[in-house]
């Protein structure tokens, strides 16, 4: 029997993996990819709740999340391109002009 | 949708309209292009007038709900909207000054300012997590673009990518948190969530985690420790009008959401969060104020000091209740007016002195008494010195903390006043004591007028506190 | 009648204010105002004396309250009785003489008006002590006397020595005043425990009629009040200021450091004698200190070359006599000697002033043979000298012998000290007189007799110095607290003999230049060195001031700079700055770290707030 | 009437703000006349305050922030009548002395007038909020006033001064807020609170920590050891008019606010701390006195001397009896005037010689500037507590008051007058007496009414109240009696 | 039984793909494996009866977002990541601690949740119709805002990625002058 908890644990795992990706990856693009994992963990959680609550709002929320994610990715990629243009690297380790 | 509903949406609608006008003018009317800044500023002023009229009509009552209650036009929302639009006007003036020098294509910049502003306006009225999330994202996404706007400037781009990554992380957190709240209450509607919370005898841990993640996400905007690390870097790298907008608009938006969540959603769990909030507030206070001491770059400096101010606001939120909420509103009012005045000076200096270093302010009082005087007033107000508005704001905040028995936090806040006074005075020292670093700086009338008005505001709010306290009180009284 | 008392008191103050306010530029007028005011006071004193004599000298008192404190009224008033009447006469009388003398002596001085203003202020302060009705008022004027003497000693403030001497006088006497004030504080609380908190002399004397079991506190009070006397009357160990005070103009030395101010201490002893007799311990201490001061001052006077300093040490010695007398149980004997001493010592000082005026030096070794040149001065000086030496029938004889007789009956060791001092006194005065007037002339410029305005006071004073013993002052001042003194012929004869022998010796040595002292010079040279060095008292104080006080102050300053400012204040500031500097190291500029901190923050908060709750 | 005391300087500041910078003479005139006007008003208030009827007079009460219960409640009682007179006197003299300021006159005048107004504000307010409001407001003009127009080490000094005082102030703010909340009256009104707390006192423990916040918070500005170190250096760096106001008046806000707040609202707590204050005040007296002995800079000497004298004030306050507290208030007045006079005189010399170091001045100035020298000697005498000046009366009262309660500290304090005499006489001797070792050809004595008036005025006040102390003590006693009547339990009533 | 099988299959797949995204050195592979994760996630959505969302999910993520990613990856020619530096290893270790901690916390918290909420009361179908109805009534306003959001996205992307001529040497660039020669111009 698959319960809500299964889905929640799964989404938790996804979220954790995404978080780990953001912390450890150095390529700006891959960090953005990890962010997508975060969003989708939340999406999964929403949909699972929607299913077990018998309420469609969760699914609607996911719809909005996707739009937002799309926008963020669009901007994110644009900034990544700019970054590459100005510094010829996407390595976030090297992007530390602004500090202290 | 009835007429009242439409009326309550009026400012947002007008901002959207203004966006299209700007967009269209930018694309099709090259003759107007030069005057886009003025157009936007005047447009926003008109909208502000309209909003004030709306508030006047409302007279402290809830004005209306639309879209099944997801959009709420209550006094608190109006209060915030007025502040947001005021911020918008000033930021447009700043942007115009900045862009003149930067030789950029201004159309889309104004568009982005307006879209961020629009997000804030919706945020102030949001009564549903979906609307909240979407409007927060509208604000954030606009800011991503604006931060990285100086495409050829490494620092601007660096700020952009940092803001983007961390912003996305915080959005993810917030989203994840909202999902738990939704899951445990079965609704994303604030009223329904509150109702469900009221019905619970004990809070399920997962719901608490949800609230925590939500607060983390909003705390990111507000600049609460430990979610504040982006602030100094992004403030420093961003184009300076954007820094101003971030430090006033975005921070206010964060607090608007946080406050609404606190007073209208998780109010039943008030007590549980008080200590957590107090600890966060304490850390934020200390971090911001200590960090500001060694700063040399004015934007970064304001970044840190802004974190310090977030600490005071969080103190009021931790204190909670009516007086806490009132304190937050008054503090934000004072903070907005003061910060905008400060940024008017800072941006003007940054553009005309071509430096963001604090040493550029040496002897400013000789070079331009007006600029120095305005910055002097605003710095002292930020430090919380009577008879300026910042003093009364801190007074209210500390008072609310004391009222809730958070004496230790009040003492900490009080001591931080001293630290903040120290670093603000170092800047004052540069302006008034150090010998001037150059000739006289002329200030055009278009800058003088808002500057004078804001200075008047700083002093006026500080001296005649009554009406403003009443305003802040009436904005939150509905929740208690 | 009391109105007259008030008038006597305030006339000099008026003079001072008028001079300071309006006539600073007009020197002649200033001088006349000052002299006129004090002479008026003198005349009023005489009138007062005469009128009261007709009434049999009743005790009169009038007070105004200047400050009604919680349980203590601080009052200000005029008390007229035998004691204060005599003192009024002495102060205003001798004072007027000296004022007039100053008109001649201070001629061509730059601060002429200022001088007379200060002099009037001094007269006012001194009169205030004389007519004082209570301890508080006494303390006020006590301090004022200190101030005015500071101003007068430092009159030639451009001279470093004068400025230093003024400072030294003020501070040394203030040391005594501190004790005095503490004594007053003790007294106020003692009177409170006895029933009525008061500082009034008359009220206190009634209140202290039956002081059951407060011996210790009374002794403490007496000794503390005596501290004030130590300072003002320059008793050991606070005597060091008086010789230095000779840096002031000579009339000032005559007035305040011989006749009046230094006598204030003795006067206070007499005034509050009701207090002192309650504590035999205190009295014996007082007597001892007086005798000791008398002796060491006399020895120091032996070797001084400076004419004024010899007189100063002589004053110290005589004051010691008076204090000893009071300590031995007779305030009237002390007062008696005070009055006679006032006359002859003022005379001696003015005479010395006249000599200095003529020769412009104070070193007796540069004088000599003036007897012919300045006859008036010489003759009057001789009278003063003999009076001081206690030669019959001059005034000094009577008063001194009263004291010696008293000592003989009460305390034999002190008598021997007193007798020795008498011998020394006659000797050093002989040395002074014979060296200055009868030895070989050593001056270069021909000296002349002083002008009339200076010699007239000399003559007047000489008259009183000579005849002072015949007015029956001793009995007039006798109060019921005093020991009765029985006339003892052997004592009198003995002391007179001693004096005469000493004078003869000094005549042989100094006038006729017979080297009698030659054989003693070698073995006694260390003693002479000790005397010249004033028993190293000044050096001791120098060490105290320079090393102890200055080092302590330096230590405080060091503590201030190092611990308070550098450590606590700047330390806190630096710590805060350092913390800020460390804290911003968190801001590494690396976005991953920020993300890490963000996630770690959330995780930790979750841990503490939800999981571990 | 008394609102004018605040309004006139503020309005003048505004007027100056609107004047063009170049018209210095007019700006000076505005400052002068505004201070003259407030001086007259303060004298009027002082004279027409009726000690016989006592209590609060000239009361004004207007709602200000109603939702918080803040009212503009102003009034004068016996104590504040005296303090108002002090401030009127010192600020007027300060305004006259300020003529020596030659550059940036406009800014100077604005800050100066704000300072004047806010101190008047403190002395007239009877509302906790406004007390604090004006108190903090007074601190801030100090920063530029010292920082811009000061001398020698001014940046460090002004920062230190500002931070210290603000630090003390904010601590007391927490105390004030707690009192407000604890009363639950929704009112900051002192009189209402006083009655409330008299009827239902706070628990002892609460009173104790509240009193600690208030006493040690305000103790900073009263330069209570060890938080005094801002004071000498601050005065040394400040221009003379500012030193005058600061040492003369602003410093007195500490004890004044202690009386107003700590003593009236948390009496038991205050009583608890007072022995410690007494102990520290003795440290103040002796420690600062000894520090003054080795200073080389004239202003440092007077600065430490003021720290030392504040020790007497605090000692008087600590004894909590009528004599002591009245004496403390009287000394606040007397020392205020005396310190103002001292700083004015030093400023006068410094303006011409540009040095304040005793060695560099070289001594013997008395010959060259007799008027100033005489004034200085008088000031020094007033400071060392000689009769004829009101300082003497005040110190005597403090000694009598303290003697009943703290005999040992009193002994040390009495010894302090000797220490004072030592360093002051040394100062006088080294600067004014002796031979002229350095020649100051340009040094001129005070000439004309404009230069002489401030000194004469201040010294005349000291003398007048020295001879007729009851003029002041009458009013002070009325105020203190009122205090005692409200809190009989904490005041020692001697048999 | 079926459901459980599919759940475990696709959740396992999702997790594996996600882990690959995070651990692979090659960006291209990472993008592609994220596509796989999205697909399996979509199937899980179907299992949860969110049909419309599942479809949109595939379209938006796999069809749009990840293609965009791929483009950029190709465009910028980002190769393999450099070998991990020392600090990088530290991040991995401590990041691992944090993430595992977070996961454990979530696990504990979820375990503590009572089972009452777990039963699905009704079967509801997330059809286009049902979701659309909600979108255009209750959530019309957010829906409209998303249009502005998208506009901003478009404008932003255009503004940012549009190339423009570099400013002439020595010309002032606001916000940059402060740090002097530190930034290299490209």
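Per-chain numbering from 1; labels A, B, C, D and E assigned in written order.
One rule holds in what follows: a contact is a pair of C-beta atoms (placed from the backbone, for glycine too) under 8 Å apart; a residue touches a chain by one contact, two chains touch by 3 or more.
Since we're looking at a predicted model, the values are computed, not measured.
Contact with chain C and chain E alike is made by A, B. Common neighbours of chain C and chain D (chains touching each): B. Here B-D and A-C are compared, and the pair linked by more C-beta contacts is B-D. Comparing mean CA positions across the assembly, the chain most remote from chain A is C. Each chain gets a centre from its C-alpha atoms; the one nearest the centre of all protein C-alpha atoms is D. Centroid to centroid, with C-alpha atoms defining each point, chain A and chain D lie 64 Å apart. Centre-to-centre, using mean CA coordinates, chain B is 77 Å away from chain C. Chain A and chain B have Cα centroids lying 26 Å from one another. Annotation for chain E: residues touching 2 or more other chains are 91, 95, 98-99, 102, 105-106, 109-110, 113, 117, 139, 142, 146, 149, 152-153, 156, 160, 179, 183-184, 186. Among the residues of chain D, those touching two or more other chains are numbered 163. In chain A, the residues that touch at least two other chains are 4, 8, 15, 18-19, 22-26, 31-32, 48, 52-53, 55, 57, 60, 64, 68, 71, 75, 78-80, 82, 85-87, 92-93, 95, 97-100. Every pair of chains in contact is given here: A-B, A-C, A-E, B-C, B-D, B-E, C-D, C-E. Every residue of chain B that touches chain A in the complex is listed here, in rising order: 129-130, 133-134, 137, 141, 144-145, 148, 151-155, 157-162, 164-165, 168-169, 171-173, 175-176, 178-180, 182-183, 186-188, 206, 232-234, 236-237, 294.
Residues of chain A that touch chain E in their complex: 1-10, 12-21, 23-27, 29-30, 32-34, 36-37, 40, 43-44, 47-48, 50-57, 59-60, 62-64, 66-71, 73-75, 77-82, 84-88, 90-91, 93, 97.
The part of chain D that touches chain B in the complex is made up of residues 21, 63-68, 70, 107, 129, 132-134, 136-137, 139-140, 143-144, 147-148, 154-155, 159, 162-163, 166-167, 170-171, 173-174, 177-178, 180-181.
Note for the complex: chain B touches chain C at residues 161-162, 165-166, 169-170, 173, 205, 208-209, 212-213, 216, 220, 225-227, 229-230, 232-233, 276, 287, 289-295, 304, 419, 422. Only residues 365, 369, 376, 380, 385-387, 391, 395-396, 398-399, 402-403, 407, 410-411, 414-415, 417-418, 421-422, 425-426, 428-429, 432-433, 465-466, 469-470, 473 of chain B touch chain D when the two sit together in their complex.
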